[in-house]
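In the two complexes below, subunit A is the common chain; its partner is subunit B in one and subunit C in the other.
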Partner chain A sequence: MNGLQTEQALREWLMEHLSKALKTERGRLDADAPFARYGLNSLDAVTLVMDLENELGIDLPPTLLWDQPTINKCAAHLATLRTEAAVQLDARR
Partner chain B sequence: MKAILPDSSGLSPSNTSAPSVPPAELAEARLGDPLNPNRTMSFAYARHIDESESFPSDAIHALYDHGFHRYFVPTELGGSFRSFAELGELIRVLSRRDLTCAVAFSTLFWSFLTWMEGSDEQKSFLADFILRQEGAMCLAYSEKDHGSDLLAGDTVAKSGPDGFRVSGEKWPINRATISGVCYLLATTNASAGPRGLSLFMLDKSRLDKAHFSNLPKAPTHGLRGSDVSGIRFHDCLIPADAIVGRTGMGLEIALKGFQVTRALCAAFSLGAGDTALRTTLHFASNRKLYHERVVDIPHCAATLSDAFIDLLICDCVTASGLRAFHAVPEQMSVWSAAVKYFVPTAIESMMQRLSVVMGARGYMRDEHECGTFQRVLRDASIVSIFDGSTVVNLHALVLQFRQLARRRSGHADHESKLGRIFNLDASVEAFDPGRLSLASRHGNEALDGFGSTLRVIKSRELAHGVREQDLERIVAFAEQLALEIEKHQLQFASAEFETGHLQPAKAFETARKYCGLHAAASCLHTWARTDRHVSSFFSSGRWLPLAGERIFRNYLGRPEPEWGNPSSLEAVEELKRLDQEGRMFSIAGLRLGS
Partner chain C sequence: MTVAESSLGIDIVRTKDLADYVNRPGVLDGRVVPICRLRAAAHAANPSASPDDPALIVASRGDACVGYLGLMPGELRVDGVIRKIFWYSTWYSAPDPESQGVGGVLVHASLRLGVDIATTGLDPKTFPFFRGLRFRELGPLRYLALDFDRLDPLGLPWRVLQVVLRRRGIRSAAVTTVFRVLRGVSKRVGYALAAPGRSKLAGDYDFEEIAELPADAAGEEPSSPVTFHRSVQTVRWALHYPWITDQPKQSTPRYEFSDLRELARFVVLRVRRSTTSEELGHLVLSVCRDQEGITIVKALDRFLSCDDRDRVVLAAALRYAHAYRADRVHVPEGCLPHTLELGWISRTFRMRQRVYFCRPARSRSVLGPELDRIGLQYCDGDTPFT
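Now for the complex of A and B:
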């Protein structure tokens, strides 16, 4: 999670990752629109969380995107997990 | 004769070790030979309910009288459920007699929704309802216009001061009418996406009959005696305490519940497959054509052998798949989908091939053993469709490919996990539903741990009647499989993310291969790790090269195995022996009721 220290950085990263995963131009993503608008169904959302876990190096609840259904909500939520995650990462090293 | 498992059977709830009499064996002893028309769930009875399209109330009542409902209720709640493998064996024994009864009775497996996520009060109510009131339940998820698209449902539950007001219609629902409890999935927040659904456990006796009604029985191709109907709610008040888990958890609970029931569905197919093969064997053994008994005509013998091998493969997949609930519940999103795809489809196509041996007799509703073949063919064809269709299960695997390719699970504890899953002699741990996950972060032990079993097989000394030539073939099969697994892991790793239901058709073919790899690995793991409680034919491993050949040909596009083509005659001889001795066509060769 190095480099992803702020909510803003997390949002940017999330936009980048989702635009790739969803094959959608970044400019077309609305950070306040529900993921479902981009054709992401409930199980897609679960597997996308698994991708996020791998990128971020932390365990996340599989239903994260169900509970935080927009980019902004997800970024804000991940930011609150940031400190804890950083501690976990340090502990793993 | 209610609730009857005598203490002497060794099945008292406090006994958590393997029971001295497994429930499947007990059920065989109590239900006897289905060819005897005087027995409960005889083939004659199955014909009667099929032809009259009448619900098998008296047979189901008898199953409760025998105490088989207890195996659906956990021991801590007064029942006898300890192991999904044990429950699956019981369902197989019921299913080999009649699928209509078995499926109608086994809607009891929906009770796991409550055992997994219900409140203490809900658990206590449901245990009492099942154990003392012959309680049964239905699962009201599907809607006429939306099929498996659960989030698109139109049934709404509006929260109010006195509970929820429900309106909507669920169809087609097995036992929608003939059941006292209804699990209802309804929208509680239309704008909350996957968190918009909630699950309710409704005690129908507490609802105002003026506000709900049933839709008529739908005539069906098979399971014709079933109560496949529907339920309609119109501004029906349901108490707030009917909600299972919390508001908005409906989809999550439903998906985890499916992991349980989808794997158990394989037992329906195994029972049906045993009967289809047995009735065909009887026909082929007694019929003479061109001065030969049909069973001795090479093409027919090969068909019978293939069918038997398919049953053994499916038995390995099912037994380990059900044991995995206890050993690796966090992987069940993968295992359950693989089992539910593989077993019903393999057995349905096996039956289609057997129909060639049966000829015209297999098409007649009253000939040869009460027209059992055509009935079981019709009845079993629903198993790959209900409770998550073939496509739904393959799709669930496609979505997990990238994760599976990462193989996060450590390698250190493969041996321990493999032993707990595939050693059918080992007792199982208590099932912990809290470890079920919507997607597996821990890969799939059957494939990730295959290297461990390959080493075991390669270092295996000749024992248990294993012939040198067979062992060489088994090692070759295992080595080829290891290469195939490696090759496909690379394919999974490069799988691109596709959203929704737009996955390319090729991805489904890859998922099918994945299930083939899982099945082949399950066979080798099970053989390598189980010693006792197996037939001598199983432990000899003679069936394994044949099993490998079938899986490589049908799932991996490899028609000619490099380990040579073993003769199928021994399999047919074993089949005849098992039938003459009154044993199931299975790994253990369970003694059948007489």
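Now for the complex of A and C:
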């Protein structure tokens, strides 16, 4: 298990990764602005989703950043997926 | 598979569904056409493919295709055992700003399929992208290219003038025709100058054009314990289902990677030694002329039993280059020593190279343990098809 248990933690993780990928300060990122506005390139976008998969231990759709186009929407969606995955894991036990 | 409630839909088209897919309304007449009929027919008949293999990943917004990635099942020969891998056969995303990032989504979708992937012929600008996604770089594969502009005394001046006129917007059918006539004359002079060296080489072999590659054509022993494999069956399939055509009726007009050429043909040759009539085997060449009038002869697959097979390949390629007044000839690197027999023409050959990228699905999947042992060959990838 990792520390990405809550929507807030996921938001922080996304902010941190985006600021590194975009080489910009976290304070300049708007959690309600579309990812498209930041000019995220293909490699950074794919890497972000693949890193999230590794962190969360679940498969994510390659279209994640299109489906959930802001940091806040993405964090909320991932928190829901995370909860669902945990419930499924518990049910299997 | 379509991601629900997605602004960008991803569809995986399986081999068994390709024929139906291209007949769906809107697929071949949209702004972005994801596959042409020729490629769809070829993919569907690929002897290396299973019905459930992924063949095409399509990204769409609403009903409109905005990008696609083709996957072609191929073979890896590992110590004599044939295993399946997949080649990227096309990769395209619409150039509009709204489609930025679609190319990355398509590649990511292909990685999720859990198959071993190989690709080549990429734009060098995309190399950092593939390296970043942990694709492993192989090669480069070196091959020989002869540019007949170097033989044609007026070749370079013509080419420069053509570029100048195009930049100034002077481009009409009349100008193109004048160019072709003049270039034809000067190329003839260049080929005449090259004739003595070419004849010396070609005179040692008899080349007979035949309709198809025999099913029992004997392949060579691979040069390396691990190679990308093209069996006789695979080559026969490629010859029966070409990806390009010189027949406008067969082409798909709006396909980005146009399947229409002025001239497109495969040549299957039965080779004999002139002096003894001994049969040496078979050889496949392609001759292709693009819409700019550039003719390329490529030496493709060979099924030759003799020791001088590289010499045979060079002789055949030059013979057909002469016959079609080709502008360029591409042959495997092994032909290099034999170019010395061509006299001064040998100086016009240049070495070119292609880089390959591979990504095993897992560290223990087919490609994973073998990456360091793969020996690259000229026909690896989709080179023989285009």
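Keep this in mind: the second predicted complex is superposed on the first by the 77 of 93 C-alpha atoms of A that agree within 3 Å, B and C clash if a C-alpha of one lies under 4 Å from a C-alpha of the other, contacts with A are read in each partner's own complex, and residues count from 1 in each chain.
Keep this in mind: contacts are C-beta pairs under 8 Å (C-beta built on N, C-alpha and C of every residue); 3 or more make two chains touch, one makes a residue touch a chain.
These numbers come from a predicted model, not from an experiment.
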item	value
Contacts of A:P62 with subunit B and subunit C, given as first, second, both or neither	both
Touched partner set for A:P34, first subunit B, second subunit C, both or neither	first
Which superposed partner A:L22 touches (first subunit B, second subunit C, both, neither)	first
Touched partner set for A:L43, first subunit B, second subunit C, both or neither	both
Which of subunit B and subunit C A:D51 touches, first, second, both or neither	first
Subunit B or subunit C, by number of subunit A residues touched	B
Residues of subunit A contacting subunit B in one complex and subunit C in the other	36, 40-43, 45-47, 49-50, 59, 62-63, 66-67, 69
Partner subunit A, residues of subunit B touching it in the complex	151, 192-195, 251-252, 255, 395-396, 399-400, 402-403, 406, 437-439, 441, 497, 499-502
Subunit C to subunit A touching residues, read off their complex	3, 5-10, 100-101, 103-109, 112, 128-129, 132-133
Contact footprint of subunit B on subunit A as seen in their complex	21-22, 34-36, 38-51, 53-54, 59, 62-63, 66-67, 69
Subunit A - residues contacting subunit C, complex	36, 40-43, 45-47, 49-50, 59, 61-63, 65-67, 69
